[in-house]
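Both complexes below contain subunit A, partnered by subunit B and then by subunit C.
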Partner chain A sequence: MTSATQQQSDVWERQDLLTGCQAVAEGVRLADVDVIPAYPIRPYTEVMDTISKIIADGRLDAEYMIADSEHSQFEIAKHASAVNARAFTGSSGTGWCYGFEALVVTATDRLPVLFLVGNRALDDPGAFGVEHNDAMSVRDMGFLLNWVTSPQEALEHVLIGYRIAEDSEVRMPMALAMDGAFLTHSQHIVQIPTIESVRRFLPDYDLGDRRLHPDNPISIAPQVNEDWVMEMRRQNWGAARRAREVIVKAYEEFNAVYGPRYQPPYYFTEYMTDDADVVLVGLGTVAAPGRTAVRRLREQGHKVGYVNLRWFRPFPTVELRECLSRFKAVGVIDRDFAHGSPDDGGILLHEIRSCLYPAKNRPAVVNFLSGLGGRDISIQDCEKMFDLTEKAARDETMDGYVTWIGVRAGAGSSNYLAAPAH
Partner chain B sequence: MIKRVEINYRGIFQKTLAKRIGSDLVLIAARMGQVAFSNGRYSDSPERNGIPCKYFTFISPDLEEEELEAECGAKMDIDEANISVVLDDTMVKGVEPWGWSGIRPINEKMIEGGAMLVVTRHSAQDLLKFIPARPFSYNLVTLEGDASLAGLWVFKDDLTHERVLGAIAGIDPSIVSIDAVEAHLRAKTKDERRVAAAREAHDAARSHTRVVKSGEGADWHHEVPKLPGWDHFREGTVVPAVPRHFEMGPRGQSRNPTFKRGTTKTQRPVVRFDLCTKCTLCWVECPDQCFDPTDDGYYDIDYEYCVGCGKCAEVCPVEECIIMADELVFDNYDSPWEHWKRDADDYLSWTADKKGNERVSYPFVTGTGRLVTAMDSVPGVGEIKPRKETPQPV
Partner chain C sequence: MTTAPERPKIEYERIRGVHRIPLEELYTSGHRTCQGCESATVMRGFIKASGPRTVVTGSTGCMYVANTSYMTTPWIVPWMHTQLGAGGSSAVGTAAGLRALKRKGKIKDEPINVISFCGDIGGGDMGLSGISGALQTDLDLLIVLYDNESAANTDIQATGLTTYGAQTTFTPTGSKHRIMQRRWKKNVAGMLAAGHPTVRYIATACASFPPTDYLNKVRKALAVGGPTFLHTFDPCPKGWDYHPRYSSDVGELGIKSGIFPLYEILDGEVMYTWDCRSTGKGRIPVKEYLMRQGRFAHLIDEDIDYIQSMVDQMWEEWEIPGVMPVKGILKARI
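On to the complex of A and B.
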């Protein structure tokens, strides 16, 4: 115990007040990233502002390039990664989509670039607020995809992310997603690790015999027509499956250096679920009002809990099935939409219902479309979701039921920013 | 328990200042063992010059960080404010943020017994001519000083930052104590001048606190916009156009009634129509099309839409014809041309009164470059002279 405490106090250099974006920038510095192509779009932009300052201050030696669009930005990162340079980049909303072609090939070529996605609603209409559809667009392409809920977790997941993405068993790009505004722009006190501790945890990036270099003559991604594509898809399918084990290993190694900061099964965290009848499941910062609602409802005798899903790709199918099949009903919060989908609900709903299909005890699953375009999800909203999920636990006909939470209806409802009476 | 501080600031010119105050409040509160975090109002677009924006800090002595985050962080606006800081006193007239939500009272989020801290050279009594009445009592604290307006993205570093921190400690030591403020500034800057500025403001805040009684203040006539539900507007991301029309004379051009932007200004242009040569430059150059041509060849100003950018005063070639004056000395958006037509003598004395005889210029982009020059003489009626160069620092 003494040695563990000793070890922990050695690994932290200082604390600072950082936004989610700034915390990621500190992570990029600590990971000693080599190439950083930038192109601005709110809300992810501040990470690039901060990195440019870190470089100007002499705290990081890296190639910082300003691209002419997201498409070029992602292409630069991909090519840098191919020559064995650790690359970081990112975007938000429609910017992310504008570079989509380059994202897909980065995954196909299995290059472990780390992307920050500051979640933003897709235009039209123009809006800056959080919605998860931007990051979700790469979910089937061979990306690692996860959500963080605090600046501290964001910083640590830059390090954990490179550890997983660059593993020789994996070598996949990673999209580190964080809610626009509520995390990208919120300042919290963050513990910053020492660079020595990071070196102990994160090995150098080594692409091995796939490194593009004159001494290692190879060609990446030639035209193959129909002869090779399916076999390449099969390889990438295998990498995505293998990533699950590497994720667990990475957290174990992280805990070994920094103390027990993450608990198994790592892919998600459970809050007050031990004796729970119903739980809510969500991605990202909705965990804060969700868990606060749990505490309040528990005081009134409700057996409720919250599951915060940290990893979306690869999906923790077995672990999440085991977890969720313990409950009578599960309320899935989607900060995204999937119009015309099987249940006319959100993306997460379908993933979770699919994951539960082989379960012996299948809970009722209900869905909440909430917080779209940056609409806030309050503690009261979460209490309402728990209420509806408890109702589903009592009524079998509600399985698959979708409810819009916080949407304005009627002719002239007051703005949700309404002023008090004067 | 949660203490909420909102910092009202002018987009871009005070963005760095507001963020530094908000950030330092977190660090000082943490020094006192409290949990705190801060963020800006996300729907703001503080890159727009002068646009009213807000920065928030949330502090709790007893909540977990996550609970504080759930109560305050995961939402687009502050619920209520224990302290509302106003970094530019002209915002007391109301604030229309960039996110579409109408012109709002500056003390909209104020709670009973809370405090509004205004950086100003006006008296509390003057400010209350504009601050709307509330059905409860609160404190109005004035901190003597000019609105610290820096150049684009620049931090002016004129001690407003330290003085506001000190004043907040003077208002509510449970948010930050003056000892913690001083310790923080000393540790961070090693500059006793900054520590002294905070201490002075702490003492001054206590002696410049005016209790505002329930019902005391101005009438408020701006309505909060009502937004339709999903089932009450057109599909396909369609919004109706602003009806188009044009006629000669005051307010003759169609303008957007739902986003006026008039609360963006700290100064407004005052026009001497008797000196106007009808050169058209103000009308042509105004970035917001605030000038309405009149049928006698002049250009009236729609002050409700003027953002106070100063472009018209910059391009006007005639000495003293268009001068920017403190927005807080005006109490309406009436047409100046109509006033002049109604009673030219009264209008001219009105302009002289509003403009005063000091002319302020900002010859430096950064730093404290505020230059005040006394006007030599008021031009007589129709006494047209070419404008002098902007005074340069010696």
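On to the complex of A and C.
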């Protein structure tokens, strides 16, 4: 994003001090959402607290109801979307899992509901803090899935999200993920756009000949069995592929209205990577300590940088491959777990290694499992990750090693030195 | 006891006799339901009663899997599949979406009926919480629970609404245990009526008996408005094990024996639309109903006596017969 001086003044209504959840609620108001089913679970809940007040004060005309469960919550949003009403909802952690069946069918029915996922650790045992496994569970279902790192970006991605999700080339639900507590509940100054500018950017939701209405008497999702399922999977696959072009178009259109706020390739941002040998890659708010560690290490002469992955689905395969191929080693930070997976690494590790495998100049890739259950990832933790990634850059056999960062010793943890040899 | 005040008059287009049933079919050929399927009659009936300006959602169940196949769907009206436990929530989403769009001037403001159907395992077990949620809204919607007393598309498994003693693939009879289905049928309509005091209309029905009663209940529910609920009693030749030609007979015997009470509750007042105690020859032995079905062939006299005693209790001991299993009010001891 560019500085405030470059922003066009007539498109901003005011600025306010907002949390991530409150910023998303403002985005929902500006998108003139029609149906909003709520159900409480920390930490995403604050978005519904805010929306309900916005509706109570008459600042948004929407059908707002409190569902009996996340399953009903997501089904309500799905069916509202099917009659061509713009729908917003969300959840966190096990609540997201409780509604999982409804999430899957929203994707397979190709209905562009926008979900806020306030990332939270899954039970058991209970923990309110961030972990990415909740949102990651929909990564293969036909969802658009991205992570934002500030309330400003969150608000703007409600608008950008609907623009992409509702595009007739895409029509996929979108999970807008943000780190629980670190973003859902941290306040920042947010520029709030005018509703007129939003109308210029965001077209009306139009399902066309797929809307469910007596004037358009279609049957949606009849039983198909082996006769047709594969063709439909192929169509979903095509939508996810086409989404990449629409994402780029959406950012270009957003920049046209609001000034050059996002730079290509849009899917991720790079920080001090121009001459870097070694980078860390992460999702979400870990970018803050990551970038600070970059600045500190740069002062000591280390050639390090940080890559913040904004879009996880669709995965920016070509762009990220090209980007990461420039470096000698890449340290992948996973705020999630994938127990028993290859090398026992995290989900992001596997995605990035898979993306890099065809690259001509493949960097060494190491993995850090950190910040689980809401544990803070400190600047020192990131410095340690950079140190281990630099070691990997000097020794090609380090590829694939997995290190737990910030875990108590003796908790059954394998560390860098104890990792099995290839 | 004083007489109840006169019931509010509900204006609706009553169907007076089978010859006045609309000829227009909105649920047509293409469904692949079994011969003698009463649940298909429920589908055909509610949409005849409701008319073409209706949006329907259908939960997973035999009326989805057998009924609505791609390229041969029988629905002339807009129809959408919903998940097994989403009978209530799909109706809420549809009705809320349409209401928002009408209010905001995004679509024409006109009456559109929203009807959601679900089976006994979908509506009576898994989806109960969602239906309860739907009945707490102020949206105009009708939920039809078609009850054929089994998970009929997965080869007849017992549900919370299966009659005590019935054989199903989950509750076979065996050399050690004659009866594996030991749960008494859940009283869904009564439970929902008791728990949702703002709902104006809840009824039970049988699509074939008495004729037109079911169709008029659909029309009445839609005319009353708000969230409404209808529980239908659907004999199933495959699951209940009898010849398909007898579906109507089995339904009639179920009503007349009192094992499935027929009533409607409008604004808190119960009306028996077929009072098995006094209509015709009065309540007939439940054995006459049970012995027409292969699923009860393994029962011995003792089992039938037990079922009869439970049905007797429903009609003779319940505070509101057939509806509310409260057997009296004790004087407070302070």
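Everything that follows uses one rule, which is that the second predicted complex is superposed on the first by the 402 of 422 C-alpha atoms of A that agree within 3 Å, B and C clash if a C-alpha of one lies under 4 Å from a C-alpha of the other, contacts with A are read in each partner's own complex, and residues count from 1 in each chain.
Methods note: a contact is a pair of C-beta atoms (placed from the backbone, for glycine too) under 8 Å apart; a residue touches a chain by one contact, two chains touch by 3 or more.
Treat the numbers as computed from the prediction; the structure is a model and nothing was measured.
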- Query: Which partner does A:V158 contact after superposing on A: first (subunit B), second (subunit C), both, neither?
  - Reply: neither
- Scan A:A276 for contacts with subunit B and subunit C and give back first, second, both or neither. neither
- Have a look at where A:I189 lands relative to subunit B and subunit C in the superposition and call it first, second, both or neither. first
- Query: Of the partners subunit B and subunit C, which touch A:S378 in the superposed model: first, second, both, neither?
  - Reply: first
- Query: Which holds for A:D124: it touches subunit B only (first), subunit C only (second), both, or neither?
  - Reply: first
- Common interface residues of subunit A with subunit B and subunit C? none
- Note on the structure: Touching subunit A in the complex, subunit C uses residues 52-55, 57, 64-65, 68-70, 73, 75-83, 85-86, 88-94, 96-101, 103-104, 106-107, 112, 129-130, 132-133, 137
- Note on the structure: Seen from subunit B, its contact residues with subunit A in the complex are 22-23, 26-27, 30, 37-40, 42-43, 65-67, 69-71, 73-77, 99, 101-102, 104-105, 108, 132-135, 220, 224-232, 237
- Would you tell me which residues of subunit A are touching subunit B in their complex? 17, 19, 43, 124-125, 128-129, 180-182, 185-189, 285-289, 291-292, 295, 374-379, 407-422
- In the complex, the residues of subunit A that touch subunit C are 32, 34-35, 37, 61-63, 65, 67-69, 71-73, 75-85, 87, 101-102, 105, 204, 212-214, 216-224, 227-228
